[in-house]
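Common to both upcoming complexes is subunit A, partnered first by subunit B, then by subunit C.
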Partner chain A sequence: MKVLVTVKEVAAVEDEFEIDGTAIDEAYLEYDLNEWDDYAIEEGVQISESEDDVEVVSVTIGPERSEETIRMALAKGADRAVRVWDDSLEDAEMLDVEAKTNLLAAVVEEEEPDLVLSGVQADDDGFGATGVSLADEVGFEWAAVVNDLELDVEGGVASVRRELEGGVEELTDVDLPAVLTIQTGINEPRYASLRGIRQAQRKEIKPMTLDDLGLSADVAESDLEIVDMYEPETESDATLFEGSPDETAGQLAEVLRDGGVGQ
Partner chain B sequence: MSDVLAVAEHRRGELRDVSYELVTVGSEVADATGGDLHLAVISGDVDAHAEALNLEGVDAIHTVDHGEEFNHDVYAQVVEQVYDAVDPQVLLTPNSVNGLDYGPAVANALDLTYVSDAVGVEFDGSTLTATREMYSGKVETTTEVEAESVAVSIRSAEWPATETAGDASIEAFDATVDEDAVKSTVKGFEEVGGGDVDITEADVLVSVGRGIEEEENLDLVRDLADALDATLSSSRPIVDNGWLPKNRQVGQSGKVVTPDFYIAIGISGAVQHVAGMKGAENIVAINTDPNAPIYDIADYGIVDDLFEVVPALIEEFEG
Partner chain C sequence: MDFTSEQEAVRDVVREFAVEELRPVAAECDAEQAFPEDVWDDLADMDLTGLTVPEGYGGYDADPVTYALINEELAYGMLSVATALSVHGLATSCIAEFGSEDVKDEWLPEMATGRPVGAFALSEPQAGSNPAEMSTVARRDGDEFVVDGTKQWITNGKRSDVVILFAKTDRDDPGSVTQFLVPKDTDGVSVGKKEDKLGLRASDTTSLEFDGARIPAEYQLTEEGRGLSAAFSILTGGRIAIGAQSVGLAQSALDAALEYSQEREQFDQPISDIQTIRHKLADMQTKVQAGRLLTYDAARKKASGDPQATAMAASQAKLFSSESAIEVANEAVQIHGGYGYTTDFPVERLYRDAKILTIYEGTSEIQKKIIARHLLD
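And then the complex of A and B:
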């Protein structure tokens, strides 16, 4: 069986930052593997370790810089990778859900996986929608916000738990092929071993352009436009204690004692 | 084509709060578009749910009596059919775990531009504008949607609930569910997070987050909890790492707590966490980042290194 894991390189913002127009100044961004996708990779690798004949393919949409991120997936045990990029995507202000859906759908059609694992959401734009949208586009079954997965490969069924709000889990069976969006905490993502990192250097990262995928440049056209970006107004009316740690701890202790704490 | 269609949410017999909030957003948008607000109530006790949602601003409620609980394959099919019948300009769904399990599929199938997790929605007569957060809430964006028709999922607890009764028409909608296309089966539900401690009962919670950095450092907050005769709880990453069991997790997917004192240590205050603790009587934050959202709801704060402040605080109570 083949498992396709979608990964995204996301930008995290430093505590102090500046906004330049409708984007954050590049100097304050740090790029890393999206947290949710780390769990999706681990889930895929664990499937390949517990089942026979499983190939784990990782796919990302991103410029050359994102090879670093996809190498992390390879170092953790993915067998090979696909990186979708194109000069015409370079100019797109944002890739919306529709664009990512269409790009990934073309990869799914090419790779024909039995299972697609994606993160619940990306830490930067936080749409939380691409996985389920992709499932509809390629005609797969799906489940969103999965925090437990058991596969019955022969029966063609994935038994999942979906993490609902308020400490309730939904137990659901979905037919394969399926797209599952993976929630953090489903497993313990491994650190890449030195051996894994060395092996990853030799694994294939196949670049694919829009042409390769049979798509035209208008795939990146979006009806969404960010017209303003700003820091949310802080409405803090907290009493902030100031001074050395001993002083601030002393002031807080007084408030706590007045409130009957630790008495 | 200027109507608004909103899809109600319920679980295990109860309408969820977001359904009443959808009525508020929906009637605001419908006022601006000059159209009607339609609600779709799908599965479960649809008559009772429709009755409860017959609220001010709602013009029509379409009920589809099919099965007891949410199933995304059923919802996707039915919402598409109601959408085609109503032909609205704006489709509103909750940005809940279940909303995210059918909204994107419906939007893709209907070729609607999808905007998720909106915390604000405006319509100026021609263009819909959504307010969204990015980068874990560090910034907000204003996003314009230049599409004829749009699907928006709304964040819960951002709009007030509509409670005033209304006089909507309530009609059973004749949907056809293709059972062959239902390829998922909801087998049941399970409550998680039982076990040794019930954090919802605690008067004082010492709650620890990502800022604690290493599992070994948890002893520090355990010592503080002991010194204050408090109960230990945490934000999500601590449970995800397996450092504390799930029954200690405060937040949207964990427990909702309302202690007298909630002492947040190394917790930034992401919206999912705040949803679980904003009802605390007194909120104390200890965090190095002065811009952390936890300070927006904190009553008291120390903007400093927890590894220096917490030992000093333990000293105050044990010294």
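And then the complex of A and C:
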């Protein structure tokens, strides 16, 4: 069985920053593995630890800098990695969901995984759509916002619990091959071990260009355009309760009653 | 500073672990004088308990620079844990360096996985800076040694399961100090009372009593009379680790002071706008960085395999970084004002913890003695 885990290096913004045109100035950005993807990697690695003959392949779309991030996935137990990049991607202002879908779909075609795990969303641009869009493109079954997963490898079925809005959860079975978008909290991501880090230095990160994937440069073209970048006005309307726990609980109850939450 | 990508990845992971897992429990462990054993198990899962165990025995066999980076980052989180781990590392490096194949096979693979925990027992009530004055004796009796004596200030004293012990084979010959391995469950070995300390309170420091404790002769690690030079060569690496821990602790105090000084306002401005405070921060930063560079320098010298140059550099790194850590922690408390004097802020603990760094593994006075000897003799 083969599990493909999509990972993304995301930009985190420092507390104080400056906007340069329609982007945040590079000087204020730090790059790290997307939080959701950390859970997806852990889920993939746990599958490989509990089932026989599972290969975990990690894929990212990103410049050479992102190798550091993807190597962490290798250190945590992924077997090998693929990194897609190309000069024409470098030049694109933004890779939208469609572009990423097409790039990842080409990798799925090449790798033919039984299961694709992606994060629910990326911490920076936060489209929250790539996983499901990929499933649609490659014709896989899918389940989004998965926070529990039981895999029946022989039967080719993933039994999942999905987190829906308003605290509602759905239990459902998904036939493989499938794409699951992984929610934080599904597991407890491990810290990479030192020997894992050492082994990761020797694991393969295969670079792939658009050519290698049989795609042309127009894959990066987007209907979306960033027209503005600004800091939203923040408003704070907090009520601070003061007093003993008894008193503050009473005050909170009053607010909830007034708001129509409780009777 | 150039590090390999492996060194950088190790540093990043250990830093994240220190911030996420050590810091949040440091105050509680200090208050309760309790070592966080579950954190130790996490260290083991990350292979950190096998830093000085060769790869062939399941260890990570960290190069000296990586070893320094790890000590720095762990001490950034909690000095008690960094100290306990570095003492475990002293024990495994003694076994790796001086043990027979059988002894290594018996102990190293398990110690690399975190337990048994190791201790290093050199100091005695009457022999600290001058361990040659020790009075613990290991007398040969057939194919056993019989150990009698008292060791003092032993880190991991209670929680350890195996002790690297230094003892004389001849009561009357100060040149007969020899290194042994003593399983803690040996009859006649007992743990004395836990010291009630100024700082480093989560780490258990106890005495160890040996009363007719019999160990098999194969647990003699060095030749007779080679124990002290073995201790000193192992402690050279230990001093680089303490230098690194000093840097980590000082960085932690500096970061706390930086953050606080920008939040605290007096005279209608953040105190970080006041020149006196700015200069304090500048001094602190410079001391931390100078200590770090001395520590990395010592680590690099050790990596390049020059024992003389390493010994001097290690003493300089320990001397400067540990004294700086005290100064930096002191200023960090000062910058916090009254708040810094309370347990509500971490600098109070850092201030208390810092003092041990100029004492153990050779006091500052002893480091100067070593540096001067290299300069003059």
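Everything that follows uses one rule, which is that the second predicted complex is superposed on the first by the 235 of 263 C-alpha atoms of A that agree within 3 Å, B and C clash if a C-alpha of one lies under 4 Å from a C-alpha of the other, contacts with A are read in each partner's own complex, and residues count from 1 in each chain.
In the analysis below, contacts are C-beta pairs under 8 Å (C-beta built on N, C-alpha and C of every residue); 3 or more make two chains touch, one makes a residue touch a chain.
For clarity, every value in this text was computed on a predicted model and none was experimentally measured.
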item: Partner chain in contact with A:Ala92 - subunit B first, subunit C second, else both or neither; value: neither
item: Contacts of A:Gly250 with subunit B and subunit C, given as first, second, both or neither; value: first
item: Which superposed partner A:Tyr191 touches (first subunit B, second subunit C, both, neither); value: second
item: Partner chain(s) touched by A:Ala217 [first = subunit B, second = subunit C, both, neither]; value: neither
item: Subunit A residues touched - subunit C or subunit B, whichever exceeds; value: B
item: Touched partner set for A:Pro232, first subunit B, second subunit C, both or neither; value: first
item: Touching partner for A:Thr130 - first (subunit B), second (subunit C), both, neither; value: first
item: Touching both subunit C and subunit B, counted on subunit A across the two superposed complexes; value: none
item: Subunit A residues within the subunit B interface of the complex; value: 11-13, 15-17, 19, 22, 24, 96-98, 101, 120, 123-133, 135-137, 141-145, 161-175, 181, 184-185, 188, 223-232, 234-236, 238-241, 245-246, 248-250, 252-253, 255-256, 259-262
item: Touch list for subunit B against partner subunit A, complex; value: 11, 72-73, 76, 95-98, 100-109, 113-117, 129, 132-147, 150, 153, 183-193, 204, 227-230, 236-237, 239-242, 246, 249, 252-256, 260-261, 282, 284-285, 289, 291, 293, 295-296, 298-305, 308-309, 311-313, 315-317
item: Residue numbers on subunit C that touch subunit A, as the complex places them; value: 5-6, 8-10, 13, 16-17, 42, 45-48, 50-51, 60, 62
item: Subunit C-touching residues of subunit A, taken from the complex the two chains share; value: 68, 71-72, 75, 190-198, 200-201
